[in-house]
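One chain, chain A, appears in both complexes that follow, with chain B as partner in the first and chain C in the second.
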Partner chain A sequence: MVGEKKWVPYILLIPWIIGFLLFKLYPFISSFVMSLYERRGRTSTFVGLKNFQLIFDQSTYLGSEFINSLKVTFTYVFVTVPLILIVSLLIAYVLALKIKGVGFFRTSFYMPTVLGANVAIIVLWRYIFEYNGLINQGLKLLGFAPISFLGTAAGAMTSIVLLRVWQFGSTMLIFLNALKNVPETLYEAATIDGASKFRQFFSVTIPMITPIILFNGVMRLVETFQVFNGPVLITNGGPERSTNVINKLIYDIAFLGGDLNVGTAMSWVLFVIIMMFTILIFRSSRYWVHYQD
Partner chain B sequence: MQANQRISSYRMKKKTTEVIKYIIIIVAAFVMLYPLLWIVGASFNRGANESFFFWPHDFTLVGWKESLQAPGWGSAQGYSLLRALWNTMQYVIPHVLLGTFSTLITAYVITRMHFKGKKLVFALIIGTLLMPNTIFRIPMYAFWTTPAISSIWEGNKIPFMGYLPLWLGSTFAVNSFSIFMFIQFFRTIPRDLDEAAYMDGANKMQVLWYVLMPVLKPIVITVALLLFIASFNDYQGPLIYITNAEFFPLSRVLPMLGLDSTNTYAHVYARSIVSVLILIIVFFAAQRYFVGNDADTAIKG
Partner chain C sequence: MKKALGLFILMTLSLIMVACEKEDENTISFAWWGTSDRNIATYQAIELFESKYPQYKVKGEQSSWNGYQESLNNKLNRGTEADVFQVNYNWIYSMYGEDYFMDITELGIDLSDYPENEHEPLTVNDKVLALSVSETGYIFYLNESVFKHEDTGDHLIDFGSGRWIPTTWEELMEAGDAINSTYSNKFALGRMDAQQVAIMMFSYLAQIYGKNVINDQNELNFTKDELIEGFNFITDLRSSGVLIPSNQMDTHIDGPTNPNWTSQKYGGILQWNTAISEYQNTLPSSANLVMAGMFQQDGALTTGMYKKVSMAYAVSKRVETSDTKKEAVKTFIEFMTTDPEAVAILGVDRGVSSNETTQDILKQVSNKDYINSLEWKGHQVVQTMFDAQLEDGIDLYIHPYYEHNTFRAIYEAPIESFLLNTINANEAATRIINRFNTELERVMEG
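Entry: the complex of A and B
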């Protein structure tokens, strides 16, 4: 553009630059430095990787808690993320089939996403999963025996997984948009070739939206690895630490226990794990993601 | 004859798929919404609702009455819900306004201006989009709670100041996802629109406000709505920073108001519904402008 002053973009970027330096880069470096120190009273001493050794030492209390939280978090993530992707893709697929009242359904499916993350509703979720709560009454009606959701490890995990899967709205909307962009001609060609709807879904729909599956998958992965509200408010990490996810443990150690240094070490382990999975998914994407152009 | 049969079997098949898709969608909508309906029903029920059906079997209005009538709108166990709502707003209002504005400007610069280092800036935004918040939380907490800094905000009665650590970042466009959404949207707007305005002698800011703003309206409302939901529902942030009970937001007060001698299930349910009403109202007011999704044209191109 003619006559554009060169400094204008930089001036307008100043807020972002400050934000990046102060709220991202500084805490990023600082948390790593903090994880190498130990604090006793008012003095911090450099201890190298001692904090990391500590949290991976299963013979100590801290270590066993940390290893346990890793296992719990992995279970949560690898059950929740595929479920969210499958449910939201299925619903989005049906919604994309020219449904009457699509606006109503879209709003309905988005409602739990707005409300489900709210503390007031999460607290009530606990009542819904109580022994005499809604879910067990429903199971009874269908002739099943009631389940002690909050009293058993598997039940507690189920309740926090379902709370998250219930909020599939955002993922669904992204899929819905992607499905609308699949060219109609591809389906027509497939129909002429005699492919059934079922076959079309797997041979046309899925390959065409693999970039969006990748996007949704990575976003949900990063998010669910940091789950906090459900395990704190519904199960309080229990029973017997079975839902004591890593973010809750970090909260307990750093903010309740006051050991910020061990907390940062744990955060870094979480960060490295998330990065590893993200890189792994992106690396693998060349085998299963199809880009149109 | 055979052709007729084929056609009618084709029609039957089509009808079946038609029916199946409605069955799936209605059953799914029911499963999704029924817990919410059941919660509303339970707020009118004396005692626990020990039934699958949502209608109250022992009807009472006591929960709603006492939630709405008590001083300070449902003051319970020493906490005023009205005060808690105001406290939540001290976080939400600056977070939404500043967050939307700063990320809009940032996205505008990146998509519509030429400067050196643009690729780096974009890469950093995408990089931070994927970084877990957990990694930033502890050092920021250490920073905000050092005595010299905490004296600025902790317990500060000037509106919004008590929540400074929670919203200051949004002044500086820290929400990468909002920037990302704006960038995606800007890319769908033809540049001819800008060019025409430049011909008429408009500057960058005039183009943004007068030319692009009408087109941007849906994405601005969508980003604002998502920031609203995120801050209104934020539990961990206030849990860490807000230790003074006078400043407790709804998310801190509600979990403490459980069942006790005076609070029945009806009270707890009614209070919870009242506290999310604003969320529901804002959602319905904004949703007709809603771009349809989080990252509308997510990663197109």
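Entry: the complex of A and C
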């Protein structure tokens, strides 16, 4: 009986291991191999790093598009991630207070995350931000001139950033849990020392939840680098390629254009970028993350 | 536990066996893209085929336009494409059709009922890689309601003898002025995207200079000054109530569902004659959409009518290896294109076939007036204008790489910026000139 029990966990792990090998590890390795080849019809030729050179060659359309999509993606990530963290932390802070009807507000704020960035929501989002959309109808009623959100680079970027920031529910819940775990005694001590609520927030709350800020930051960073749905369905990468994020470009090149080799090369560049930023954040964490132990 | 493990292994093996099951050679898979009308008609035709040829089964693989090309690219890479699949004509080139598509002459399909040159664009190294379903050209369609006074119902413009449909660009601008000065939110055409403006501009320039966009040496056929002239023409259309002043004023990307189109603020559209039903279907039933052809100008060298094969049926190269499958596929394709009952069911939803037999059948269908459909009328105009150009020695057949996925951005991106008013005509023309030839060469090399 004891001997039988020993291999039971391994049997239970088999489906996951098969899934990991087939759907994660194999595509991961084969995509790198693929990025080293050039395919014309049924003929594949080993070309080494040519595809990587091509996507960084700004004299070609492909190269300039890739660099543009990198810029767009960086802008998106470095605006979206801090905004999500700030908004979700502030809302979590308010919801952590003992106020009446807080349960209702917690549910309400989490709703956008439940709805997610699905097609219906994105279509709704389009109708809100279009030239004749809800916001501009409101502006017209108030006597203001309409704004072309989706017709300008800044407006379109704002729209897709807001769509992501709007779904701050998960990040907020994690912050909420962290805030509740900050020992009350620290606040009591700070109050006795005469610290204001504002000072307590920055000198007690923030340092105490830095491990959670690190976790949320890394998770959101990885996730936003891979954004796809919003830019495809709201702006289709436009106007003037201003929201043509890297994942959309990869999709267009690899699947619409059928060039999987160049597409996988781009994917690997994206992977390396995400990896570098993740390592950088973890390395920097020793200077700003405080663990209670 | 051992029982559970045994069951798990058994299920896995069963799944593998199902996956590896040999395909029945009398089953034909057929993939296409289309809207619900086309899907319903196609399934009805398939049902009819199976009843007439009980030895065959057809597995239909319907899809919307969005995602079809991506899916086909993937399937070709994996070798899992359908036996017969609908393709755009330029995919023959961009998808390396010679490697994946069978030479349909090997099936023994009779091409003698088609016009002589119909299959030339689908032929690579003497191999006919797809069967033309129909040809198409960009032409104008106008919504009469927008050209009328809202209260009295009278036409806002009269070009003589009650004619309200413009025939020249000048008349179009007059109509635009009349509409827009009466109703500031209405336009003779409205919003056009970069793809539509590109072909309109190239048609206009072709009328003046008698040249195709791309010449026989695969280079841009227009000079910078000529392109600037084209952009200035677009500016004229925008300042005369034909087009909206800036595309920043309307950011709805999808033409047929654009609220300004469906609420009849926009009076017309430049569209492939094979795809006009998408725009027609979203208008109120009271709207009268009429075919206006291609607007002309004084002293023009040609009519400016570009055309191409609209769509074609390609056959997977896998089919080559089996005579039984070849026979099945041949029977199916011939049925879909020339069987009187099938042709009557399929109608003109995939455009008007150039096959004489098919056209004769459509003319005789009694319960539907295909000849007076917008698609048919458009087809007639496209063919007539194009043939007249050929007689003058001007060939405006659309280059197979003109609509290539990445190449098209070379001219569409500057046009988009111009339509958004972020660059002027000179800058837009410069951007096109700078990259057109090198990028075309690159995509053609693969």
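We adopt the following convention: the second predicted complex is superposed on the first by the 278 of 293 C-alpha atoms of A that agree within 3 Å, B and C clash if a C-alpha of one lies under 4 Å from a C-alpha of the other, contacts with A are read in each partner's own complex, and residues count from 1 in each chain.
The criterion applied here is as follows: a residue touches a chain if its C-beta (ideal position, glycine included) is under 8 Å from a C-beta of that chain, and two chains touch if they have at least 3 such contacts.
All values derive from a computational prediction rather than experimental measurement.
Enquirer: Could you tell me if A:Asn132 is touching chain B, chain C, both of them or neither one (first, second, both, neither)?
Expert: Both chain B and chain C are touched by A:Asn132.
Enquirer: Just checking: does A:Ile91 make contact with chain B only, chain C only, both, or neither of them? Give me first, second, both or neither.
Expert: first
Enquirer: Touch check for A:Gly257: first (chain B), second (chain C), both, or neither?
Expert: second
Enquirer: Looking only at chain A, is it chain B or chain C that touches more of its residues?
Expert: Ranking chain B and chain C by residues of chain A touched puts B first.
Enquirer: May I ask you to decide whether A:Val8 touches chain B, chain C, both, or neither, giving the answer as first, second, both or neither?
Expert: The answer is both, since A:Val8 touches chain B and chain C.
Enquirer: One more residue to check, A:Gly143. First (chain B), second (chain C), both or neither?
Expert: So A:Gly143 meets neither chain B nor chain C here.
Enquirer: Just which bits of chain A does chain B share with chain C as contact spots?
Expert: 4, 8, 130, 132, 251, 255, 260
Enquirer: What part of chain A is in contact with chain B in the complex they form?
Expert: Touching chain B from chain A are residues 1, 4, 6, 8-10, 12-13, 15-16, 18-20, 22-24, 26-28, 30-31, 34, 90-91, 94-95, 97, 99, 105-112, 114-115, 117-125, 127-128, 130, 132, 134, 137-138, 140-141, 166, 170, 173-174, 176-178, 181, 197, 211-212, 215, 218, 222, 225-226, 228-229, 232-233, 247, 250-251, 254-255, 260, 263-264, 267-268, 270-271, 274-275, 278, 293.
Enquirer: Can you tell me which positions in chain B touch chain A when the two form their complex?
Expert: Against chain A, chain B makes touches at 17, 21-22, 24-25, 28-29, 32-36, 38-39, 42, 48-52, 102, 105-106, 108-109, 113-115, 121, 124, 128, 130-143, 169, 171-174, 179, 198, 204, 229, 232-233, 235-236, 239-240, 250-251, 254-255, 258, 265, 268-269, 271-273, 275-276, 279-280, 283, 287, 292-301.
Enquirer: List the residues on chain A that touch chain C in their complex, please.
Expert: 4, 8, 11, 40-43, 60-62, 65, 129-132, 148-152, 236, 238-241, 251-253, 255-258, 260
Enquirer: Considering only the defined contacts, which chain C positions touch chain A in the complex?
Expert: So the residues of chain C in touch with chain A come to 1, 5, 69-70, 73-74, 76-77, 94-96, 98-100, 246-253, 259-260, 405-407, 409-410, 413, 416-417, 420, 422, 435, 438-439, 442, 446.
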